[in-house]
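Given below, in the form of C-alpha cells, are the structures.
You will see two complexes here that share chain A, one where it goes with chain B and one where it goes with chain C.
Moving on to the complex of A and B:
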C-alpha cells in the first residue's frame, strides 16, 4: 500500500497534466484550427462542447486561479481603471483585467479569443452582464441557454422541455455552424457513459467524509476534487482515470484512518466537523485553510462543491436521454435551487455527515450565494440545534480578506462549539 | 493567597480582573494599551494586584482598629498618596528619557534652550502634582500620558509664547519619550511606593505611625500567587500564554455579562475597534455572535476621533450630546471621515451638540444592524465596553431597542469595561476547579512576571 501523501500527489499530478495539456491545446488553436467556447461552471455543457471538437475556457476558473497566483489585485485594478466599479463582482473584474493585460493563462501561455460565448446558465444575473462585456471585448457571438430558476423547488416537465428544446434548436445548430461538425447522438451517448463513471467516483469521494476521521476536506480539498468534473474534462477518459485514481487514494486513507491532507501534511486530530456554505477565498487560500487545519477543523460537506452539479443527491447524466439530462443538469446546480431547497440540503449535510456545526463564508462579490444567507443560518440553527458561524471575505479581491478579523471569528466559533460541548464548565 | 487572573487586551485599554480562591472579584486594573501589549498586560495586572492589596489593607486596618472612625478618609488619602508617588516616579523617568534624547545631538543649537524649557516644565509639573492628587480632585484620565501630557503641553505653550523654543520642538520631547516611559515597569516596588505615600499623610491622622507602617509592610509583603491566567481581547495573541489560556473575547464578554447580570440573553459590546453582538444561553454560553468585519466604522475609536476633532476629552462627548435639542441626521459612520463629517456640519451652521447627538445615534444604528444579524435583542439585554459609559450612546440605544424590540431590560454595570476580563478570569478559575494542572502555570507565571518566580510579593517583584 502506498503512503497517503504519495497517492495524493499521484492524482494531483494527473490533474495537473490534464490542465497543462488543455492549456497547451488552447495555445495551439491557431495551428490546429480548433474552435474555442467560453462558458461558465454552473450548467456547463462540457460534453457538448467537446463533442464538436471545440475547447472550453471557463472565465470563473481563470479568475480564481489568478487569485491563487496573486495576480487578481493587479487585474482588478486594471478593470477598475477601465471604469468597473468597486462593487462589481471581482471574478468579472479579474477576468476583464486579465484580458486587458494580455490574457495570459495560468500556465503562462496566452489564451485564445473565443469563437463563441455559451451562456448556458442564467441563474446568476451577473453572468449575463459578464458575457455582454466579453461580447464587446471580443466581438464574438453569444448563444444563450435560458435556464429557469427552481423558484417552486422543482423541475417540471415544461421546464425540462423548455431547456432541452433550446439545446436542440439553438445551441446545437450554433455549435454545428461554428465548428463545422455534425451532432452525433451515438457518440454523445458514449461521452455521457464516461461522465456517469466519473460522477459515481466523485460522489463516493465526497461521501467518504461521513467517516470519522474524515479522509478528505470537502471544501479546501473538495475544490481540487471537483476540478476535472466542473471544468473541461467531464465525459472524457482522462476524467474517468483521474477519479479512479482519487478514489483509490481516498480508500487508502480511509483504511489507514487518516485525516485529510492539509497544506502542512495530514491532519493529526479531527476536533471539529463542519458543513460550510459559500465559496472559499482564493487570494489567501492556504492561509485560510490553515486557520481551520491548525484548530483541527475539517469541512465534511460544502455547498460550493455543488455549483457544478448535485451529483451526491442522485443526479447522473443519462446517456439514453442526452438533451433531457443536460436540461436536468443545468437546472439542478446548487445556485439554481431556491432557499428552502438550499436550507434542506445543508440541513441534511449537517445530519448525514455528523457535523458539530456549520459555517457561512459570505463573499462580498457573489449575490447568488450571499443573498439570504443569514436567513439560512437562523433556520439551520433552529432545525439542527447546532451552532452556526458567519465569516466574511471575498472571492479574489485581497482587499476584502482581513486575516485577523476572520481568524478572530473562527477562533471564537471553535471555542463556542467547545463551550457548548462542555456546558458552562469551559 | 492563590488568585486567578483574567486579562482583556483591548485596542484602547487593557483590563485585568483578579479572583480569589472562591471566585470573588478582589482586584481590578486598567491601563491604556499603548503600542506594546506585553507591557500593557503587565501594567494592568500590576494595577489589579495593587487593587487587591488595597482591599487586603482595608480589611487589615479594620481588624486592627488603629484608625477609629477615620479609616475611609485614611484609605482615600493613602490611595492618593500612593498614586502621587507613582506619578512622580514616572515624571522622573520622563525626565531621564527626555534628557537622553536631548543629549543625542540632533537638536543642535536648540539643545540648551530645550533643556532649560524641560527643567522649567518638569519643575511646574512636580509643583502641581500634589494638587492633582489632592482630595476632591478627579483626574480627567487615569493614565500618565494624559495627566502629564496635558500639563506639559500647557507649560510648553506658555514657554514658547514667552520667547522660548518653538512649541512643537518642546512637545516633541514629550512625544518621543512617553512610549518608553509607559513601557518601563515601575522602578520602585509596591511596598516602597505605599510607605512613601504613607509618609506624606502619616502626620495628618494622629495615629501610631510605626504600628501602621508595620501593618502596611506586612500586607504589602503577603504573597499573591497567580495560579492561572487567561487572556482575551484584540491583542490576546500577543500574550505569552499557552493556547489553552487564550480565550476569544466573544466568549469572555458573553460569560462576563452573564456573571454581572445572570438573566442576560443578548450582549452588545462596543469597544475601540470592535462591535460585538452576542447571544448567550441561561448559563452564559455563547450561542451566536456577529461582529463588525473589515472596517471599524461606528466603533469606540470613532468617538475618539470626534473628541480629538473637538479638542474635548472622550468623557465630555456624551454630556454635550445630551444638550441637543434638534438632532442632526448623520448617515456615515466611517471613522476616518468622522472629522470631515463633523466639520461639514459645523460649517453648515449646525450646533455642536446637535451634530454630536446625530453621531451617537449613527453608531448605535450600526450596532443595531449587527444585533439584528446576531438574532435580535432578547430580554435581558446587557451593554458593555467603553461606549457603555457614554450616556448619549446609552440613550440612543435605549430608544432604538424600544422602537425595534419593545421594552426590554437594559443592563449596564458601572464597571462594564471589565466584562471581558471578568469572563477571562472566571474561565481561569473554572479551569483550576476542573483540575487544570499547576505544571504549566509556573512557566507561564515566570513568563509574565519576570524577573520573579510565580509569586508576586509586591515588595520585591517587578510584575
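Moving on to the complex of A and C:
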C-alpha cells in the first residue's frame, strides 16, 4: 500500500499493533504459562476465551494469512501429498500443511500447540472434520459446541437453551479446568459491555457505505474492519479504541466526501456500487481489489463481513444475559442463516445501499457459502431487477484464481451495468 | 436343477426385479399408488443419511428416501444451480424436484450431514414454496441432558408438523408401535447383513443393495417381509462360491454409487462384506425399547447406538479403533474407499481412517465416483488388482 495511505490510516496501525502484540503473547506462552485455545471465527466465543486468560488461535485466519503471504500453495501441496483430496476445503489443507511444515505463524515464529480445541462449529460442517483432523496431531482436549442451524429461519427457545446450556455445562467447566481460572459473571458483564461499544461503532462504519460516495469498501476494506471484532479482541478496551479511531477516520472521509482507501490510495470516482456475496480470494487479494478499484467499483455491502455476526441487523451482545447472548450470537452468524434469509438479507443490502448490482464470488473451498449460490443470483435479479454477476475463485488455492478470466468477467459485468443505465435513460 | 431349486431361483429373481423396479421408479409412482389408497395418506421424502422414520410412520405417512437420480437422469436444469465443484447428488435431486418428479412427496426432510444438503433444504423452501420442508438438526452433543433434550424437541416438532399434514397425532402409543415395526425391520436387515458377512456368495452385492433401496420406497412392514423372504430363499438357492476377496467399503453413505459400479466390484473379485451404502436404513444398530418413553428411545438410539458416520462427531475418540474392529469382525481382507467426488465429509474422513488401517496393517485402496459415473474399466482394473494382490500376497 502506498505511503500516503499507511500514514492516513492510524486505525490500521493500531490494528497491526494489536495483532503483533497478540502473536507476541502467543510466542511467550512457555514463560507466561497462558493457555492456548484453537477455535473458529463464525460464532466464536472470544470474550469467554479471554475471560479465562487464554489466547485464541484461529486456523482460518492462519490459512488466509498463509494465502496472503504466498505460502498456501506449498502447504496445500504438503497436505495433498499426505493423502488429502484435491476436492476438499483448501483452508483445511493449508492449515494441515502449515502444521506439517512447523506451524510457523506470520511473525516467523512457531505457533504454540493448543491446550484446547474449541469446536464451535457454526455454519460449516467442515469445521467438524477439521478439528477431528487436528486432534490427531495434538494431544489435547476437544470441546464440541453444537450450534443448531436456522433451518426454519428462526432461533427457537429450544435452540437457545441447547447452546447456552452447552456453554454453561460443557464449555465453561472445561475452560475452568484448563485455565485454572473461575468464571466470574460480573467480569463477563464488563467484557460484554466493551463488546457492545465496539459493535456499535463497527455498525456505524458499515452503514457509512450508504453515503455517496461510500467512504469505505465494505468487502476488501471490510475484511480489515471486521478483523478485531471477529478474531481475538472483541470485549477488550483495545477493540473499543480501534473502532473509535476507525469511526473518526471514516467520519473524516465522509465529511470530505472521499471514497474508500484502496491499495493505490483513495479512490477518485465512484462509478459502480456493488453488493457482494461470498468470501474474497486471499492469494491475489490486492490484484483482485485493483480489478474493482481501477473500474471505480466499490463494494457497499457484503455477506462475508457478517460471518462473525449480523450486528448491522441489530444484534448486540447483552451484558445482562451472558450465556443467552452468546448463544444468540453463535446462531445469528451469516453462514448459520438459511437460504431464504440469506437471499432476503442480500436483497435488503442491494436496496438499502442503493447498489447498481450484485456479484457472487463463488469459492471452491466453501460449500457453506457456495452450494446453491446460483439460485440466489437468479432470485436477486428477479426481485431487484438489478444485474447480477458471477465469478469463481478460491480462498487460498492459487490454482483456482485465474486473473484474466475474472477480469474479463468483471469488465463484461460493468459493461452490462452501463448498458442498463443507458437503457434506463434512453 | 431340481424343481424346488428352480422355484427358489425364480422367486429370488422376482424379488430382485421388484426391488430394481422400485429403484428405477424415479417418478415415485409406487408412492403415488400407496397414497391413492387413502385420502389422508401423505409421503415425506428425506435425504441421506438418517432421519427417524418411525416418526413419519407414526404420523401415518410414508417415508421415502431420496437418493438422487444415479445415472438414469439427464441433468438439464440441475447443473444450472450448482458449480462444477459441488457433488452430483444435489443436481439430480433438483432436476427431479423442479421437473415435478417428486410431486408425490408432500414434504421433505433434510438431515444435517453436510453444507450442501443443508443449503439444499433452503433451496427447496424457495423452489417448492407449497411443500413442507424441514432441516433436521441431529445433535452433535451426545449428553442426554443436552443433545438428547434438544433432539427430542426437534423430533416432536417434526411429529407435530407431519401430524398436521396427515391429521394423525403422533401419540406415544402410536410411536411405540412404529418403533416395533422398525425393530422388526432392523432384525430383518441384520439377517441380511449377517448373510452377506458370513456367506456373501448367497446374496450378490447388487441384490443386497437393491433390497436396501427398496426399504426407502416401501412401507416398512412390506419391506421387512421382502427382506426376510429373500434371506430365507437365498440360503436355499445354492449359489456358487467364487474365489473373491472380502472387502469393506467406506465413503458411499450419501451420494450412492451407480449399479454398474457395484457390479464391477464383484466382477473384479470383491465380495463386499461390510459397507456404508444406504446407511440410514440401518443406522441404529440395536432394537429400540418399545415399553418406555418412545422419544427417549429414539434419542438414545441415535446418540448411543448408531453407526459411525463422517457427519457425526466422534466424541468418544474411538473412530480408529471402532473402524479397525469392525473390519476385523467382518473378516474383511481389505478396505475399498470409494467416495463421491467433492464429498467433503467422506474425503476429509478418509485420511483418518486410512491412518487407522495403516497402523493396523490392513490393506486398502481408494477411488472416487459420482452417481452418474458410466465408465468402470479403470475401477475394475484397480479393484481387480487390489483383489489379486490380496489373494497372492495377503496382507504382506
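We adopt the following convention: the second predicted complex is superposed on the first by the 414 of 426 C-alpha atoms of A that agree within 3 Å, B and C clash if a C-alpha of one lies under 4 Å from a C-alpha of the other, contacts with A are read in each partner's own complex, and residues count from 1 in each chain.
To be clear about the criterion, contacts are C-beta pairs under 8 Å (C-beta built on N, C-alpha and C of every residue); 3 or more make two chains touch, one makes a residue touch a chain.
Not measured: the values here are computed from a predicted model.
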| item | value |
| --- | --- |
| Touched partner set for A:374, first chain B, second chain C, both or neither | both |
| Which superposed partner A:408 touches (first chain B, second chain C, both, neither) | first |
| Greater residue coverage of chain A in the superposed arrangement, chain B or chain C | C |
| Which superposed partner A:387 touches (first chain B, second chain C, both, neither) | first |
| Which superposed partner A:416 touches (first chain B, second chain C, both, neither) | first |
| Contacts of A:149 with chain B and chain C, given as first, second, both or neither | second |
| Touched partner set for A:184, first chain B, second chain C, both or neither | neither |
| Chain A positions touched by chain B in one structure and by chain C in the second | 374, 392 |
| Parts of chain A lying in touch with chain C, wherever the complex brings them together | 82-85, 87-89, 92, 119, 121, 124-126, 128-130, 132-133, 135-136, 144, 146, 148-149, 151-152, 156, 158-159, 161-162, 165-166, 169-170, 338-343, 362, 364, 366-368, 370-375, 379, 392 |
| Residues of chain B defined as touching chain A within the complex | 234, 247-251, 283-291, 293-294, 373, 375, 427, 430, 434 |
| Complex contacts: residues of chain A adjacent to chain B | 374, 378, 381, 387-388, 390-392, 400, 402, 405, 408-409, 411-412, 415-416, 419-420, 423-426 |
| Chain A partner contacts - residues on chain C that touch it in the complex | 80-83, 85-86, 90, 110, 112-116, 118-123, 125-127, 134-137, 139-141, 143, 145-147, 149-150, 153-154, 310-311, 313-315, 317, 319, 339, 341-345, 347-352, 354-355, 368 |
